[in-house]
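Next up: the structures, one after another.
There are two complexes below, and they share subunit A, which is joined by subunit B in the first and by subunit C in the second.
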Partner chain A sequence: MTFKIDRRDLLKASGAIAATLAAPSILRAQAATVKVGVIEPLTGNLAYNGTQSAAGAKFAADAINAAGGIKSMGGAKIELVVVDAQSRPEAAASAVDTLVQAGACAFTGATASALGLASSQAAAKHNLAQVFSIGTAETIVQRGLPNVFRFTPGVNKCTSVALTNLKLLNEGSGNSVKTAAIVHEDGPFGSNMAKIMKEELPKQGIEVVETISHPTPQRDFSNIALRVKASKADILIPSNYLNEYTLMARALNQQRVELKAIYSILGGAASNIKFVRENQEVAQYVMDCNHWYDPTKEESKALAAKVADAKLDLTYDIMVSYATIQVIADALERAASDDRQKMIEALAASTFDGSIMPYGPTKFVNGDNVNSQPVNTQIRGDKIELVFPKEYASAEAVFPIPAKN
Partner chain B sequence: MRLNSVGQIALVAAAIAYLLGVYFASSPVWMGFTINALIVAVIALSWNITGGFGGLSSFGHAAMYGTGAYASAILQVKFGLNAWIGFGAGILAGAAMGAFIGALAFRYGLRGSYFALVTLAFAEVLRICASSFEFTGGGSGLQLTLAPGIGNLQINDRTVVYTALLIVVAAVMALTALIKFSRFGAYLIAVRENEDAARALGIDTYKIKVQAMAISGAFGGLAGVLYLQLWLFIDSTVVYGSAVSVEALIGPIIGGAGTVWGPLLGTLGLHLLGEGAKHLLPNAPGLNFVLYAIVLICALRFLPQGLVGLAGRVGPFKKKENDNA
Partner chain C sequence: MSSLILPAVLSGLMMGAVYALVALGLTLIYGVLHIINFAHGSLLMLALYAVYFLHYHLGVDPYLAIPIVLPVFFALGYALQRGLIAPMSSGSEQNVLLITLAISMIVDNLALYFWTSNTRTADIAYAYDTVEILGAYLPLGRVIAFVAALAVAPLLWAFMAYTRTGSAIRAVAIEKRGAELVGIDVNHTYAICFGIGTACVALAACLLLPTFYVTPQVGYTFVLVAFTTVVLGGMGSLVGALIAGLLLGVIESLCGLFLGESLGQIGIFLAFILILLFKPSGLLGRAR
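What follows is the complex of A and B.
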């Protein structure tokens, strides 16, 4: 038996084989995904914040995918690779290995400076970009690492803006606040903040009449509240974490301490809706200078609705994590590739101004977004309103607090 | 380092096969995870000297670990000294801290749970001090300048880091074996078994215990310095936190306290268990800690001599011989 294959048959067969071989790649192209890492502490003492941040990243990825994915990559969907940093620096650094193995092009994280310092250093060895959600320590952007991009403000900017805003508020109220009491936790965060306040407040004409430190954890704030009351301070400036902040506020209320304002910087509870929900009366008019989104943007409103549907607390962790995924998505759009080096270059050249945060166009100088800014929030009723700066405000600041009697 | 049964040989062979297999797995995840486990193994070996051989169960080995790390970091960050000098100083500082805690605790005859509580208190006091003083970086901790190079003891190549750590762990285990089978080791075991009887036989138990704490402290300091050089950042909670002290004792207890291989086997086993749980159930963060707890409870209940003791019952070469792995 003999087979005769003519030129026409050969062409047909070749065409059929080529089409068959190409089919999987066409299918792959249609279902392409691009992997973006999320390193957050899902366990350990930072688990609450880390879980919130991971949820924020997921909301952002879902929104971007629903809007058509990364268009320059044929509508590639963002696939998040979430890894637990266990609230430990070495675990955060090891998590980078998981991302590299999974093929992530960049990642966001990691809630605490210590975790972010370790993860970004490990990522530098793999040329993998980290867009910091929260990392206030200034050393993060002082190491000269090309893969570091801090989207949100550091502690220096937060403190400086907070003091400027306090001055404006006080001047607006006819300098009604003349004396201050500082209550701080005795760790680095609280101690450093208290030191800055003691140096800077007198320059604004506010005398610091009482400074009280306490350990973390601390459960009984009665004596501290009484000391604040005895000091007759006009304003209280607390620097402590969520639980202590809550207990302190309750003790102040129980001891009927009359204050013209409670004003915190990167406050542990003052920008946490859980604190508002569980301490309605106590929390009223508490002011904070912290990370917060622009509530006037449509995407912010959509996020707030999704967070409510998911029965989660709308905290700044969710907001900043959402925004960092937006920044990464923008870089992906411009890089049109998930190549790590191209992502670093795209992030370094970022002028993105479509995030939910109240920032100007992104501009990274030595890895620090110079156009980021903290805002002032104030608890009003069952909401946290943005009161400063005016262009983003959702409510007018109430300063000083109206007298209870 | 004698192995007395087929089971022990199989267990040790499995551990060696795993450690060598990491080279061929070409997986950054397994390499990174094993690097972390090896550093923990060093502090577990440190705890084993006092807790395993001497019966001096410490709940505060973080005191030595943290002191080693902080001593090296302060010398490098605040005084600009070379990392190798910091490396040596860290080990010495760990030894000094161990000797100091030992001298103070044993001077007043503390033993058992009282000794455990004192070591825990020391670690906590040091943690609070480290987070309060400016020269220790306060709450912000200390960060080494990133300057890769062997001169700065900062190695970028993970395979080289892994090999170096394997050598360090092997060296610490060799020293442990040397101690175990030396006269000093015999004295230490005598103290564990019956301190009064040991003293009656003329052993200076105070001196032996303080020396054991110093050696243990040196190993602990070494582990702290290794951590520092690997991650280039420490703060008070990271190196003086109670998690470090727990990790130091949990490996030897699971693996087999008072044996040469036990701390390494226990640490590797626990870390493998945790990592395996994370991979099998990626949507259940924290499950590895639950598994840790279950394994620890089971080990305490059913394996008083740890994995090495269990393996010793499988195909023993001689009857009525103690585990020597």
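What follows is the complex of A and C.
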């Protein structure tokens, strides 16, 4: 038996075979994904914050994908590429290579300024955009790197907003706070904060009557509590880390120190729900000026519910990481491409105002989002409530706090 | 400032008792056996986690955890010395140093891996309770630790002075080969001593947890002061360690008050250098 195949039949058969072979790739194209990097310290001494941030990024990606993905890219789903920065700057820098090899179009990270500085420097060589989740050091946006986008406020803005808010709160209470004690760790973070406070508080009519520095770790806070008590300060402004903050709060309680307010700026514990849970009695009414989401937004409420379902702590790490993925998704939507340069251009032109944070439309000036702002939180019962500014508040600020006796 | 001196002295004594408690175990291991145990801080950290988890998961009060944690840590110490340090060191002090350093690094990093760097504090009803002594408010947990330190140091001394095991430990420490010749099982005696030292660390953890936090790095907060306390008290002197711990606590507290907290810890090492200049064998140590 013989088959006769003419030119027409051969062309038809070739076309059919080609169509059959191409079908999977067409199907793949329809369900395409776009890779977004997450560099966070999942191990090492920043593991808690890093793990929380990575969870926040995942919640955001899931929400965006459930809502139809990146529509301008045919509904492409966000696929997160999570790399461990190991709480070490050099690991954060080398994590960028992993992201580049994986084909990430941009990334978020990296919890601590030191890690973010290293990763963004490495990413600049690859023209890869980094949207900072948390990075308060001002040097982050002072290096002129075009791939750096800090979505959340830096230390300068946090400090100035904290002082402005304190002034407003104090005026609202009939200027009940007249004297302040500053307790700070003796490293750059605490010392710089204390210096700014000592200069600025007198301009608000608040006299600094005691300034106490302490090393990290500090094993006993009894003397410090006694000195604060002896100073008869109305308000305590602490700048130290979680461990010392916990011991300090306990010592203040044990030495029966009566204060009208405890007011932290970027406090290690005051915006940490674990601190609240484990130190209910001493944590009450502690106020902080820090990163926090807008609790009145529906998406924020949905996030809080998901975090509770996942049995995670609702910390600002989760919130800001969630928001940075929102910013990246918006840039992808406008860029309609996962090209790294186009992503940088889209981020630079971002006017996104749909994030869960209480910010105005995003506007990056030299990589710094000028419309970001910290807010005031206050520990109330077993919750951390946003109390200031009032348009985002979930509770009224209690200032000054009720006397214990 | 003068009104703060008495409260500062008293709170220094309370903190000093904690130093003494941590140092008692080290006195036996480092002071008597001359094993430079770099893992001492890591064992303290492990014990603190054990007490914390007993409280968190099973609701066991840290003080009631003493009869549970002490035997476990005695066994752990015994096993470490008998199964790891002794066979691997082959009698060389340098090897012991490296092995305990390795144990410390492994334990610390495993703790970091499994429990993360998250700070944990036990939510205990009496954690904020105070005792008023001479007008000063002292944390109840610290007062209990102070009383315990005063009781445990003489008890340990009596154990070392009047029991056969205590005599064996002292014999091994003075002359290993001679002890072997009179029928003492040297390896067993070393391990017993290491076990008692580790159980002391566990006791310190039970007494410390109500007033302190737990992280994988918490051991480092105490270990340097513990070594200082042992040497200052006199190598191997249990009562010396108690006195040295209390003294260092008071010195640190007063230096913190007058020189600032950042310089407070300098006082510890300044006093250490000065005392050793005039009494090189330590407060209650015997000249060799």
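Quick notes
Methods note: the second predicted complex is superposed on the first by the 395 of 405 C-alpha atoms of A that agree within 3 Å, B and C clash if a C-alpha of one lies under 4 Å from a C-alpha of the other, contacts with A are read in each partner's own complex, and residues count from 1 in each chain.
Everything that follows uses one rule, which is that a contact is a pair of C-beta atoms (placed from the backbone, for glycine too) under 8 Å apart; a residue touches a chain by one contact, two chains touch by 3 or more.
For clarity, every value in this text was computed on a predicted model and none was experimentally measured.
Room for both subunit B and subunit C is found when the two structures are superposed via subunit A, with no clash between them.
Across the overlaid complexes, the C-alpha centre of subunit A sees subunit B and subunit C at an angle of 50°, to the nearest 10.
Contacts of A:43 after superposition: both subunit B and subunit C are touched. Once chain A of one complex is fitted onto chain A of the other, the partner contacts of A:32 are absent, as it touches neither subunit B nor subunit C.
Looking at the shared chain after the overlay, A:242 reaches subunit C, while subunit B stays out of its contact range. When the two complexes are overlaid on their common chain A, residue A:186 makes contact with subunit B and with subunit C alike.
By the touch criterion stated above, A:218 is placed in contact with subunit C alone, subunit B being left untouched.
Of the two partner chains, subunit C is the only one touched by A:253; subunit B is not. Shared-chain residue A:348: touches no atom of subunit B or subunit C. When the two complexes are overlaid on their common chain A, residue A:274 makes contact with subunit C while staying clear of subunit B. This overlay, made by fitting chain A, leaves subunit B and subunit C with a least C-alpha separation of 5 Å. When the two complexes are superposed on chain A, the residues of subunit A that touch both subunit B and subunit C are 43, 47, 186, 215. Residues of subunit C touching subunit A in their complex: 1, 3-4, 7-8, 11, 14-15, 18, 112-113, 116-123, 127-128, 130, 137-139, 211-213, 215, 217, 221-222, 252-253, 256-257, 260-262, 264-265.
By the touch criterion given at the top, residues 42-43, 47, 84, 88-91, 93-94, 96-98, 100-101, 113-114, 117-118, 121-122, 124-126, 137, 139, 143-145, 186-192, 215 of subunit A touch subunit B in their complex. The touching residues of subunit B, when paired with subunit A in their complex, are 27-29, 31-33, 36, 39, 128, 131-132, 137-141, 143, 145-146, 156, 158, 227, 230-233, 235, 238, 243, 278, 285-286, 289.
Residue ranges on subunit A touching subunit C, taken from their complex, read 43-48, 51, 87, 186, 212-215, 217-220, 222-224, 226-227, 230, 242-243, 246-247, 250-251, 253-256, 274, 277-282.
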